[in-house]
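Below are two complexes that have chain A in common, paired first with chain B and then with chain C.
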Partner chain A sequence: MSLLLLPDLFLLLLGVLVLALDLLHAKKPSASGSFHLSWTGLLLIFALLLALPYDQQFVWLGSYQVSGTSLLCKQLFILSALFTVWLARPYFRSGGNKRGRLAYQGEFYGIIIFASVGMFAVVSAGDLLTLFIGMELATIPLYILAGYHKNDHRASEAAMKYIVMGSLATGFMLFGLSFLYGAAGALDFAALKQAAMAAPASPLLGLGVCFIIAAVGFKLTLFPFHMWAPDVYDGAPTPVTAFIAVSSKATAIIFFLILFHGPLAALHTSLQMPLLLLAGATMTAGNLGALRQTRLRRFMGYSAIAQAGYLTMALVGPRAAAWSSILYYLLVYAAANFAAFFLIAIVGRDREEEFSSLRGMGKQNPGLAAVLMLTMFSLGGIPPLAGFLGKFLLFAAAAQQGYYAMVVFAALNSTISLYYYLLLVKEAYINEASEARPMLTVEPLQRTCLALLTTAMILLGLWPGYSDFVVTVLR
Partner chain B sequence: MNGPLLLTTIWLLPFITGLAILPLNRDAHQKIKQISLLGNGLNLLLIIFLLLRFIDSAPTMPPGSHASHFLFAYRTAWFSILNIEYNIGVDAISVLMMLLTGIVIVCGILASWPLEKQSKEFFILLNVLVGGVYGVFVSLDLFTFFLFYEVAVLPMYLLIGLWGTGKKEYAAMKLTLMLVAGSAFIFAGILALYFESGLQSFDLSRLALIRFPLAFQLWAFPLIFTGFAVLGAMFPFHTWSPDGHASAPTAVSMLHAGVLMKLGGYGCLRVAIYLLPEGAQFWLPFFLVLVTINVLYGAFCAIRQTDLKYITAYSSVSHCGLVLFGFAAMTFAGLKGAVLQMVSHGLMTALFFCLIGMIYSRTHTREVDDMGGLMKVMPFLSVAFVIAGLAGLGLPGLSGFVAEVNIFVGAYANPATLNRICTVLAVLSIVVTAVYMLRAVNSLVGGPLAGRFALLTDASLLERAPVTILLACLFGMGILPGWIIKLVDNAVHPIFNNMMR
Partner chain C sequence: MTLSHCIVLALILCAIGVYGLLSRRNLIGLLLSVEVMLNGANLNFAAFAHFRATDPVAGAIFPVFVMAVSACEMAVALAIVIALYRGRRQLDVRSLEELRG
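And then the complex of A and B:
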């Protein structure tokens, strides 16, 4: 045993505890015990993650390995779970959201935590089986969460779509992994690496990788597997949407990083072209799709598709550049996305979650409007916000392999995205509301979270501490 | 105060001013303006101090030197992830551009004193914009250069969209998207420089010593040059400029046409031409044709306009074309003239937009045909307008003359036939300029006074201040251009020698 395993164990324990506590006061659906237990527990685990040594490696039973890199990923997952819990809190109160109140608070937090355990397993995987089980554990809870608005037909549609498409993807993944197993004759990464080095052109490997790209591409919302995203983003409750947009997407891209810069590194050269094509198609599909949206969360869905395109583009970079740029960007992306979803939650309390609900914000709630502007600028990659450096690093990873034309293409795509991010800013600042509406109310918790996220968006772009740390850990 | 600290203070001060406005009450309009004026006025003094120190300590460069000499240079690691450094320093061009920025922003704040609508946001954004502009001029690291460049471009969207007039939302979006699309090219170009140099460094002065392979320069140069030239309003990428300038509020038009467009020219010179000289040699004749179109097309378009702001905006397209024209001439005098034109046009166009703003606030129209005889009711503004018009058509004794003479002489000095033809064509633009300038000036100040304008008042003392400052600068540069030319000579030599290596 090693200290490095503690976060994973504690997280598992926390999930069980939250469920158990919920059983204790099953009669009182509004009790806040599970909420406080969840967020304190997650915060403590985050503190533990920060305190662990990042220069050591520990392998457990040959198939579960914890290194500095996986600890970095775990930080991200814990933060994402933490903010999801905070974001979800008002949804369990009456009047917290226009669509109605959610029930089963304890289960909700428990499911979020168990999904995070699955993500922990993905980033600590030492063989294909752990990778697969982790991926499933990270996905299946989300099917439940997507339909959490039980009586809302849009939520049911979203959950149905998600589970059907997701199961199909699971099938693909299992099929692909079995090809890899066939090529290597074993499940562990070391054997797979040897097999890939010995015969990088083997059709078995190629087929396997194709299926895996399709399966993980579904979770990452790569074109042409992205169709479900806008519907699910719009149908699921906002905290779930945020969790899917951040954690699930991060798991998928890290899954690719682990495979393509680990056991399948020998195939990396031949994978660059297909990956770039997918990335280019994905960002274009996302950006063009977002242009005509009027519902905020559908819009965020398309924006997230475009962001997935930029992330995929960085996969073609050399190992260190790809890992560091993607990890940095994921954190930046998480901060901006959570800020956006907190804003949507605030707007959605008693208005429809549509563009026009933002009108007049610049005059009525100047603070919120400023946060909205900063968030959109960070998503659009405008300095000095963190999104700028994030995109710079992603594109630099592709440029390092000489794909300058792709960089131009992606940067122009990012210009298109700026158009629709500015549309939101325009709604908030320039367009006048058609009728007088009461001011938006912001709860203290939401205010604190938005302040934290805004600080993160600004600080990550100016303060080199985090990115330097990532570089040292990867070295 | 040591040099690097001075430079850092200068770019940081506008941001600090913006922060100082942040906690103020939204209705404390006077206080907001006073703080902005104080911050930027102080900054102008600092820049003048910087200029004096620069003149004092600048060594006279031997005409044969290749490496640009940056004074007050300082560097320290920032983001180790891509060897990004905080690397600052100035040469004469940047100091002059900073001086221009300082003058224009102070005048701009004075000119927007009557503004009451959401003044807090307005002045914060204005300060962010100016901070970005200063940042570009002091940066010697391509990453920070690009970062500040974007910082300077983006506030424009809200500044035009929220406080503008006319088709403001359309104009704001068009301007922002075109400029950001331009920076997409710059972005790729900068990354290419970083990796192809083999240095893994964004350091401008180290990159300048690298002789990039010709094949690389041939595609990288047009990429970067075009990217910057979008902001320099090069044909056919100039279409954002008339709409943007016409819709923007006074101070923003002043700053944008006066300073921001110069960032385009500055970037072309500092990054594209300085780092990729062989590419420049190959491509500049092609760009020469484009900018000749610029110069003529802008002037001819201005003739057909009836809105004062559109006239000035198209004349800006034409005059900014002259900046790029000077670069494309590929002679020493041409480069020098281009730099002078950047300063001269900045002052002149700032004065124009400042005056138009003041006149518009009285007459509530910008249509030339609706006005007339304004000399009778507002002599001060009218005389200033006449002088600005004369500066625009290059009258000796005013700044425009110094710059244009250098550009045209420089362009003709290049013996290539294409250059000769283009120069002759571009010189013709002066005639066209005279047509639209004199026509506009004449119908504005001359003729009978319309009855509804009879009760208008002349400029108040507060309004006279920015106009006087800008007029003084126009005359100063026109009558005593010697010291500026000497400074510019020093800075242009290494760039020119690099281009001809």
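And then the complex of A and C:
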């Protein structure tokens, strides 16, 4: 046993404790015990992750390996789970959301924590079986969460679409893994690496990689597998949407990083072209889709598709550049997305989650409107906010391999995205509301979280040391 | 029977599954199609374990895990189907059209 395994064990334990506490409180549905237990537990695990040594490696049973990079990914997953828990709290009170109150609070937090355990397994995988089990552990809970509004038609519809698409992706993933197994003859990464180096052009490997790109492309919302995303983002409860947008997408892109810059590194040169094509198509599809949206969460869905395109583009970079730029951008993307979803939660408390509900925000709630503006600027990539530096590093990773045309194309795409991000700012500041509406109420918890996220967006943009840190850890 | 027979059979099962997913109207039918696909992949694992693998046990174990995982997935899927049926009283895919745009 090693200290490096502790966060995973504690997270598993925390999930069980939250569910057990929920059993004790079964008679009091509005009890806040499970909420406080979840967030303190997650915060403590985050502190533990910060305290662990990042220059060591530990392999458990040959198939579960914890290294500095997997600890970095785990920080991201824990932060995402933590903000999801904070974001979800008002949804369990009556009047917390216009769509109605959610029930079964303890189980909700428990499921979030168990999904994070699955994501931990993905980033610590040492063989294909652990990778598969981790991916499923990280995905199946999301199907449940997407349909958490049990009596809402749109939520069940979203969950159904999600699970049908997700199961198709699971099927593809299994075919891909089976072909990789066939090529390598064993499931561990070392054997796969040897097989890929010995015969990079083997048809079994190629077939396997195609299936895996399709499967993980579903979760990453790569074109043409992105169709489910706007529907699910719109139908699921807002905290779940945020969790899917940040954690699930991060898991998928890290899955690619682990495979293409690890055991399949020998195939990386031949994979660059297909990945770039997918990335270009994805960012265009996302940006064009977002242009004609009027519902906020659908809009965020398309925006997230476009962001997935930028992330995929950086996969073609050299190992250190790809890892550092993608992890840095995921952090930036998480901060901006959570800020946006907190704002959507505040708006959705008494109003429909549509663009027109933002009207008059600049006069009535100037603070909120300023946060909205900063968030949209960060997502669009305007300096000095973090989104600019994040995109710069992603583009630089692709440019290091000499794909300048692609970088120009991505920069043009980013300009289109700026247009629709500014549309939201325009709604908040310039368009007047047609009738007088009561001010938006902001709970103290939401205010604190928004302050934290805004600080993160500004500080990450001014201090890019994080990506250098990732490079040091990689060595 | 050779390895290529098995792989072709597995790929045919995969194609049947995908075709079913695209063409079936009934939600339960969709779930059945997914199962056909997953079992095609299981066949693939078993075939590779038998004919090629240096580590045949791993390939034999994998389908067992897949069965457990797909059972979980189906349990969740059926729960969602029930929630849908309560609201709409039908299981037609074409009725899933509230979310679009």
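Assume the second predicted complex is superposed on the first by the 473 of 475 C-alpha atoms of A that agree within 3 Å, B and C clash if a C-alpha of one lies under 4 Å from a C-alpha of the other, contacts with A are read in each partner's own complex, and residues count from 1 in each chain.
Keep in mind that, in the parts below, a residue touches a chain if its C-beta (ideal position, glycine included) is under 8 Å from a C-beta of that chain, and two chains touch if they have at least 3 such contacts.
On a predicted model such as this, the values are computed, not experimentally measured, just so you know.
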Worksheet item: Looking at the combined model built on chain A, do chain B and chain C fit side by side or clash?
Response: fit
Item to complete: Check the residue A:R154 against both partner chains and state whether it touches chain B (first), chain C (second), both, or neither.
Response: second
Practice prompt. May I ask you to decide whether A:Y429 touches chain B, chain C, both, or neither, giving the answer as first, second, both or neither?
Written response: first
Discussion item. By the touch definition at the top of the document, which applies to A:I163: first (chain B), second (chain C), both, or neither?
Written reply: second
Discussion item. Using C-alpha centres only, what angle sits at chain A with arms pointing to chain B and chain C? Round to the nearest 10 degrees.
Written reply: 140
Worksheet item: Does the superposition put A:G235 against chain B (first), chain C (second), both, or neither?
Response: second
Worksheet item: Of the partners chain B and chain C, which touch A:R475 in the superposed model: first, second, both, neither?
Response: neither
Discussion item. Taking the superposition on A as described, I'd like to know which of chain B and chain C A:F388 touches: first, second, both or neither.
Written reply: first
Item to complete: In the overlaid three-chain picture, find the nearest pair of C-alpha atoms across chain B and chain C and give that distance in Å.
Response: 25
Worksheet entry | Touching residues (chain side chain A, partner chain B) in the complex | 324, 328, 362-363, 366, 373, 377, 382-384, 388-389, 392-393, 395-396, 399-400, 402, 404, 407-408, 411-412, 414-415, 418-419, 422, 425-426, 429-430, 464, 467-468, 470-471
Response to the item:
The chain C residues in contact with chain A across the complex are 10, 14, 17-18, 21, 27, 30-31, 34, 37-38, 40-42, 44-45, 48, 52-55, 58-59, 61-62, 65-66, 69-70, 72-73, 76-77, 79-81, 83-84, 87-88, 96, 98-101
Response to the item:
Within the complex, chain C is touched by chain A residues 127, 129, 132-133, 136, 140, 143-144, 147, 150-151, 153-154, 156-161, 163-164, 166-168, 170-171, 174-175, 177-179, 181-182, 185-187, 191, 230-231, 234-235, 292-293, 295, 298
Discussion item. With touch defined as at the start, can you tell me which chain B residues reach chain A in the complex?
Written reply: 26, 78-82, 118, 121, 143, 147-148, 150-151, 154, 157-158, 161-162, 169, 173, 176-177, 180-181, 183-185, 187-188, 191-192, 194-195, 223
